[in-house]
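Given below, in the form of structure tokens, are the structures.
Next come two complexes built around chain A: one with chain B, the other with chain C.
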Partner chain A sequence: MLKIVVPMAVSILATEFVQAQTEIIGNVDSKCIIVSETPGVYGNPNPYQLTTATTSGGVQPIIRFDVLAADYYKAVIEHPVSFSSAPTLDDVVTWTGDVEVSEVSDTDMSTYDSDKIEYDNAHEYQMTVAGSTWFKISSVADYGYNKSFPAGQYTAVVEAECIPL
Partner chain B sequence: MKRLGLGLAALCCLPSYSFSEEIYGTTNNAAQTGLAWVMTNILPEYAGLEVNGLVYSYTAVKDPETDMIVWVQNEYADGNGYIFRNSDDWSGLPGNTISKSFAFPNLPATLWGPGSIEVDGEGDVENASVVYSYRYDTCFDPQTDPSCPGYRETVEIPDVGLYDPLQDDLIQEDMERKARIQEEEAEQERQRRREQWALSNALEDLLGDGNNPGLIDPVSEALALALTARVLPTDYLYSLEGREYLETVVLNGGTIQDNSKARRSNLAQQLLHQQMVDSQYESSQQETK
Partner chain C sequence: MHSSLIKTIILLFVSGSLEAHELTPTYPELRSSYVTGVVSAKLKMWNARMDVNYFKIEVNDADWNPVPFITNERLFKLRYGQRREIEIFLPIDTSATYICTKSMLDKEKMQRTVISSKVCSKIK
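Coming up: the complex of A and B.
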């Protein structure tokens, strides 16, 4: 029996084309993590103004960037220039704002503010040090020419990105 | 299944059911009242407490051009170095708020000595916060809680009462008897010494003052004679019969032969002595020349 079976198997292998595929799977975890630590609140010191200034009853939002590898990422944070939700507005809203480093986990990060690049409402930071960096955003919205904001709830969004270099 | 459930429920409700629990917590801000603190005032007093982390933050206020190094540290409790020390070098950098966290491999609280934040250079530290995280086992000492595993019931020692042998009547009687015997023996010894002393004085008086009739008291003389009669042996006045040992060795032949070996030896020594004297004489003659 063995003498018969073996030639048959050989003949099958010799006559058919065999192909195989195998996968290589790799996962890349981001070495940059963004955490919204403190949500912001607009205060309304004047009828025409919404501001995050603490002296005006507002709360400045704080965003934390955890960078595990230095020199591989840049952080781009944009302070708001529009409401994501608000009552109907029929006049112009003037937006001003700023982003600054409020806390660091390494002393070398204290130069981030002086080295940042600003364009439009964006603030771009080169994350040259591994560790955590806290950014504090301020935002002020003035409505019309000293015009009162319509009553209602106003929401604006701060956009923060961690862009690989 | 129903029986199994009932059994487990009964097991849980048994009085001997025991457990231990690990409690985790964090301290208040150690730097709340100043930049130096004592750990015994910061960590809670639980047996077996271990420190497993530290988070600190502060704001460095300084001129970007100046040099400043901030040390956050804890000494060892025995003062031998630092159990934790970290530096932030702000030299040439603008000040900011810094926050750092550290994890420790459960270091016993007893190792942690005084903590402090020190500044080298120009600048100030504001809004400092130092918070320690810790853990402890509620059953680190099983005897603190009967529910802890390993707890042992305390054994009550029965009140047996102390036995003082000195209070025993029989022993006291025996001790008193021995004390009486010792006292009697001591008294006898004293009496014996007194008699011996009196005897020796009487003998001296008798031998020393016997030629002075004025000093002789008939009574004392009689007493002394009586004592002397008791001490001196009765054969004191008798003479002993002497003896003489006569020479019994006899030399046969009448002459003693010389020992030839001894003679040669004597001659050899004599010759050596003569040579030594001659050499000394010759050397002294040469020196005088």
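Coming up: the complex of A and C.
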């Protein structure tokens, strides 16, 4: 009798050891990720103008903000007001630009544009809904009074900041 | 609500393959350090921006004025896909409120706009 019971008991115990579970533990915490989806390109439709407008051969930069929890962050996006690199310019450059929401992962984000706060070249959005928001930036630089930009390479920086509330 | 959270989590995992910049935790705590009168905060940074290899640490008060701090490297190299632990040392009576990491951009050779990203954490 023992010859049967003992191996069975050992077998059951061994099975229990084999079936011991391994846990994978993870925490979902608030966080913000800035994703640079599309770097913009300036088109040069007129000698005196550089623009990201697609109708003028430009590409609008697109930035995505992912926030995991609502009401933890604000997004601040600044369109350019100077070149970070450019040939020597001896006249004034007039800058215009805008930031707008281009896509959302949650329909509750549809009020972001109407609720945003604007100051100088900054556009401030309260991230009141968890999820992803895509922002499209437009930028136009006009040189002098219809004066031709000198030939060369021009680069401007879009600042994207994610700040906890 | 539940499906929205799942979508968000999926998006956050998917974002790993894109050009992303992350700093956690959102609200780091100041803890006493091994030096008397000095506190420290630990953060983690992740770089998934292929176009950025260098980042700068900034520490500011509630009005965004810079405040003194000590860290291993204020300007550091972090390649694409790498993570880094950041430890900031501050005087115990510090007015520091925000700890931020900012991308440092290379000069480009095109007529283009480049995106500078800055992610901050707030000391509670």
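Here is the rule we go by: the second predicted complex is superposed on the first by the 135 of 165 C-alpha atoms of A that agree within 3 Å, B and C clash if a C-alpha of one lies under 4 Å from a C-alpha of the other, contacts with A are read in each partner's own complex, and residues count from 1 in each chain.
Just so we're on the same page, a residue touches a chain if its C-beta (ideal position, glycine included) is under 8 Å from a C-beta of that chain, and two chains touch if they have at least 3 such contacts.
Note that this is a predicted model, so its numbers are computed, not measured.
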Side-by-side fit of chain B and chain C on chain A, or clash: fit
Partner chain in contact with A:Ser84 - chain B first, chain C second, else both or neither: second
Which superposed partner A:Ser110 touches (first chain B, second chain C, both, neither): first
Which of chain B and chain C A:Asp98 touches, first, second, both or neither: neither
Chain B versus chain C as contact partner of A:Gln153, first or second or both or neither: second
Which superposed partner A:Cys162 touches (first chain B, second chain C, both, neither): second
When both partners are placed on the shared chain, which of chain B and chain C touches more of chain A: C
Partner chain in contact with A:Glu124 - chain B first, chain C second, else both or neither: neither
Contacts of A:Ser132 with chain B and chain C, given as first, second, both or neither: both
Overlay on chain A, chain C to chain B nearest C-alpha distance, Å: 6
Footprint overlap on chain A, where chain B in one structure and chain C in the other make contact: 105-106, 132
Residues of chain C touching chain A in the complex: 4-5, 7-9, 11-12, 15, 18-27, 49, 51, 98, 100, 105, 107-122
Chain A-touching residues of chain B, taken from the complex the two chains share: 57, 60, 88-90, 93-100
Chain B partner contacts - residues on chain A that touch it in the complex: 101-111, 113-114, 132, 134
Of all residues in chain A, those that touch chain C in their complex: 28-37, 39-42, 44, 50, 52, 59, 61, 63-64, 66, 68, 72-73, 80, 84-85, 105-106, 130-132, 137, 139, 153-165
